[in-house]
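Written below as structure tokens is the structure these notes are about.
A, B, C and D are the chain letters, set down in written order, and residue numbers restart from 1 in every chain.
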Amino acid sequence: MSFDIGKNIHLTIFGQSHSKAIGAVIEGLPAGFKIDMRALKAFMARRQPGQKGTTARHEADQPVILSGLVDGFTCGSPLAMMIENTDARSADYKDFKRVPRPMHADYPAFVKYEGYNDIAGGGHFSGRLTAPLCFAGGVCLQYLGKQGVKIAAKLISAGGVRGKKMQECIASAQDAGDSVGGIVECCITGVKAGVGDSGFDSLESSLSRVLFSIPGVKGVEFGAGFEAAFMKGSQHNDAWCFDKEGNVRTRTNNHGGILGGLSTGMPIVFRVAFKPTPSIALPQESVDLKTGKSTVLKIKGRHDPCIAVRAVPCVEAAAALVLCDYML
Amino acid sequence: MSFDIGKNIHLTIFGQSHSKAIGAVIEGLPAGFKIDMRALKAFMARRQPGQKGTTARHEADQPVILSGLVDGFTCGSPLAMMIENTDARSADYKDFKRVPRPMHADYPAFVKYEGYNDIAGGGHFSGRLTAPLCFAGGVCLQYLGKQGVKIAAKLISAGGVRGKKMQECIASAQDAGDSVGGIVECCITGVKAGVGDSGFDSLESSLSRVLFSIPGVKGVEFGAGFEAAFMKGSQHNDAWCFDKEGNVRTRTNNHGGILGGLSTGMPIVFRVAFKPTPSIALPQESVDLKTGKSTVLKIKGRHDPCIAVRAVPCVEAAAALVLCDYML
Amino acid sequence: MSFDIGKNIHLTIFGQSHSKAIGAVIEGLPAGFKIDMRALKAFMARRQPGQKGTTARHEADQPVILSGLVDGFTCGSPLAMMIENTDARSADYKDFKRVPRPMHADYPAFVKYEGYNDIAGGGHFSGRLTAPLCFAGGVCLQYLGKQGVKIAAKLISAGGVRGKKMQECIASAQDAGDSVGGIVECCITGVKAGVGDSGFDSLESSLSRVLFSIPGVKGVEFGAGFEAAFMKGSQHNDAWCFDKEGNVRTRTNNHGGILGGLSTGMPIVFRVAFKPTPSIALPQESVDLKTGKSTVLKIKGRHDPCIAVRAVPCVEAAAALVLCDYML
Amino acid sequence: MSFDIGKNIHLTIFGQSHSKAIGAVIEGLPAGFKIDMRALKAFMARRQPGQKGTTARHEADQPVILSGLVDGFTCGSPLAMMIENTDARSADYKDFKRVPRPMHADYPAFVKYEGYNDIAGGGHFSGRLTAPLCFAGGVCLQYLGKQGVKIAAKLISAGGVRGKKMQECIASAQDAGDSVGGIVECCITGVKAGVGDSGFDSLESSLSRVLFSIPGVKGVEFGAGFEAAFMKGSQHNDAWCFDKEGNVRTRTNNHGGILGGLSTGMPIVFRVAFKPTPSIALPQESVDLKTGKSTVLKIKGRHDPCIAVRAVPCVEAAAALVLCDYML
């Protein structure tokens, strides 16, 4: 659960779905930065359940600041926060060490931790840990905002459909006890040319590293992405040009704002593929690790029909953490 | 150019395309491991030019061991190697600081390094630096081989076509002074369940981080990848089952061998999208940073019509480095 | 406030002396380790005030586990704990941004954080942050104990005297509104030969790095330490020999159990010099940063006459963290 | 042999005493910095043998730049250099795996690397690896020099004597086939207040970590150091005052220029204790690991009678690396 970002920001996220609390410690923020707690809570609320197309669970997710703020300003000491867990129903999960849920980490976690993993609510593999991620990313978004950087993600496809039909598609999957996948597209503007690094610290390396830590992500692509593999150089290449103010731009943006791991000054554009929610109401085949026999599992409880919906602010948070680290 | 992998292996790659030498220093390899230099050179030869569909440049790329080996065995001290650069033609590149090549790092590197970047051959943004990456990955492949882990990548698509037609498509692009993109698929077998970590150190996070450091990569997807976003949970979910030996497996492998950032024991499968080679012979629009006017650029020299071809062993090397780090 | 230890354990300590809470997050502990909370609290109690020769402040310092433990066993997820701050008297400190206390971090922290540092109780420079350090180190001590490693530190000198006279010397300094320095010696037994590393990760490098993070430490020496600089090789060299069981030992232990950054199997012995408590009741000369004039400062409040007394378990905790990291 | 410094500079040192080459790779230097190679070689020459009181071996130690420099300026890519080993006499060392030298790493390295360690010349435990350290530190010294920071170390004691008698004392030890220890004092001026960090990244933590990587270091102390442990607060405390220009200073400098891990603007002063050279000509008791019997060892070859003499520039290099990292 190590969340070390680049060289300036160090983020540690702790907690399990049903532990006393989950939280985050952020080191490396500059002192004297005023955090707008109202805006931060509004940002975090975007990933909370209870929205259309999400679970009915109520999670207040109120962040409690433990340290690092004095009179609303960062003081140079680590910013620590926690969210107390209140609405836990551990009993729902108790059998999953014996009969692992398909498409969840239950089985490999059982092997890795030799049975000592916290199974309740998925333990620290739970999507719930994206709440402290959004807290940390939300702080970074505010910092970037002051530098003129804007980050905006949106759901562009769900269950294979786009636009207004997405809500319908999600609702109909939910009614059928099923779920759907989705694609989130993110666009970052206001980043000057030359931000980033080469090698393992390329912008794409750092962004994809954090993005793939969000539960359910199956693919990340920049600019033209996989489509580029089907193109010719003469189609794909973006020509350099000057805009009216004399700034260097490209006529098209197939490169997605990054070349050689560095920002080019064009909008940074990437897409993230989310799998369908693994917890579905339909009966599923699994194994009983005690008896060594096949069995059928029926997952109860409340689950999002499309995790990509609530993942939108998580994608923004991930991007903000990475950009903030480079720009500090 | 920092290449720090996980917690056990630290890889530093140095060099520019036309510097005296390029090379790598690998820390963290266990002492007493015998390196098969013949096999290693054969592996490295797979990324060398001169194959079908690649540039005609001759690069011997003979690795010289500087330290870390005694009588062919690792001695616990960093394994350092270099490849001397011999076939450099710096004059080919001298104008690219003024008129940056489309789709190359020339312009953002010029901004980031305030004009002090080494432009010759793309400097340290050059694909040439994948030679030391292959050296390091090739050593890891040998280590993994002794643990029963096999890594095999292949080009599955070029310029939008698959199979035998790919060579034809590449050749025809080359004839036209153009280039094509491609997709490399990699399959890792022999990894037991429970390898990996959660959070930013998830298997997908670590793999994608290293993969996106390879020049030209535009997308990375695991298992069903972007296709998962178009599926329902009931289609996408892989059922757990026992195989004949009583091992836990899944009936299908949409998850690509990784759940919650941990290996499941199933083959780890991922695909990497490569853009078309940016250097094409056709004239291209660019900017003259000195005059502030638009201009037309014609790139001379010898370039691969499809970088994905030579990238195949690089993908294997990247995967080997990551897996080796987790398994040490 | 970054506390990254070696490659296996990552410790993050957060909090300021008077923030809502202070705490620690420990990543990298193996799953399935049972923590003896009673023993841990007893260990932490050794650094608490209220002992002879320490301040009269009452700090309950009860650790609250936030995550990482299930039924008393580590679960592989980060172990997070906090200690709520209750007995804060911020008003005592309000003027120290204007008139910095001699020998405290008030002035350099004011410069570094541009006045936004938390001055109350010394903020995150406070010795109070050794409480979470002792929590983390105490957990490691338990782990090491199961491997047969014992760590024991003691105060061997205070105010220039040794033995029973130390308490007297400390008490008399306290009566005079003054303070004294001290030396803590630590001995680690049960570490086999070959633990450690060369270069910046030598045992001495790692131990000294953590030890110098304890407030008030002015010197660290291993084995014969500074005395070695006054010796001849023929006096200082420890001869190798076999003990009765045939183990390789040295006849003397001037090397302090470490050679080349690696343990030799002999007891690891080091000493840590602590300065006198900087907060003394006597009037002291300082500067008024507002008026730009000299002034006289009189520090009120309750302070340890000899910080080395309560530092003894901190030294053990620091050593345990380092050793545990190498031995995991 | 990992040499990771702080968050800006990453140094990797490779090589063994008798490998093909030793060298260093430095990442994180700013692009566009002109290195004065003549001054750098002059700095490196200060640690070379052949001076008074050092071994008679001839080591040219000519650094060969492999990458990172274009026309004498750093180009933003890692600065890599090597020194080819020429004067190797491996046969001198061949028996030390069987009969380890007292006070050397032979035995613990044999255990750690299971006999695969490179024993020739001490392998990568050799003091010879301080040559690339001096290269890297020498570059940093030049960078700091442009910021007004000066670092000067000197030998203040050898074999227990000070001043002009030191040379005599060293010479007489050499004549007797013996060696002496010594103390190096270092003074850093020109560092403004507020440089450094708290916790494990305190200035003392970072400096001691690098200093203890230099072979033979047994102790490090700052300001009054161990002497502080014998003082009262009223004696030890440095009063804040203004100098004539209105800068904040302290009347005395017992604190050694660092408080709370941060520079105070006063000179940073520390001392480093070096043990006597372990290789002495006198016969010494050791063990034969093959026969399991005691034996007597007589070390041949050419050795410095006082390693502290040549360590002076190494101490400066270590300090420069740390300071440069904080100030970049």
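To be clear about the criterion, contacts are C-beta pairs under 8 Å (C-beta built on N, C-alpha and C of every residue); 3 or more make two chains touch, one makes a residue touch a chain.
In this text, all values refer to a predicted model and were calculated from it rather than measured experimentally.
Greatest centre-to-centre distance from chain C is found for B, with centres as Cα means.
Comparing chain pairs A-D and A-B by the number of C-beta pairs in contact, the larger count belongs to A-B. Rounded to a whole number, the gap between the C-alpha centres of chain B and chain D is 38 angstrom.
Between chain A and chain B, the centres computed from C-alpha atoms are 25 Å apart. Chain A and chain D, compared by their mean Cα positions, are separated by 45 Å.
Within chain D, contacts with two or more other chains are made by residues 1-2, 4, 13, 77, 109, 112-113, 124, 198.
On the chain C side of its complex with chain B, the touching residues are 7-8, 77, 198. Listed in rising order, the residues of chain A touching chain B in the complex are 1-5, 13, 100, 102-105, 107-109, 111-113, 124-125, 157-160, 173, 178-183, 192-202, 204-206, 208-210, 212-213, 215, 217-226, 228-242, 246, 248, 250-251, 254-256, 259-265, 273-280, 282, 284-287, 289, 292-294, 308.
Remark: chain C residues 1-2, 4, 10, 12-16, 19-23, 25, 27-28, 31-32, 64-68, 70, 73-80, 82, 109, 112-118, 123-124 touch chain A in the complex.
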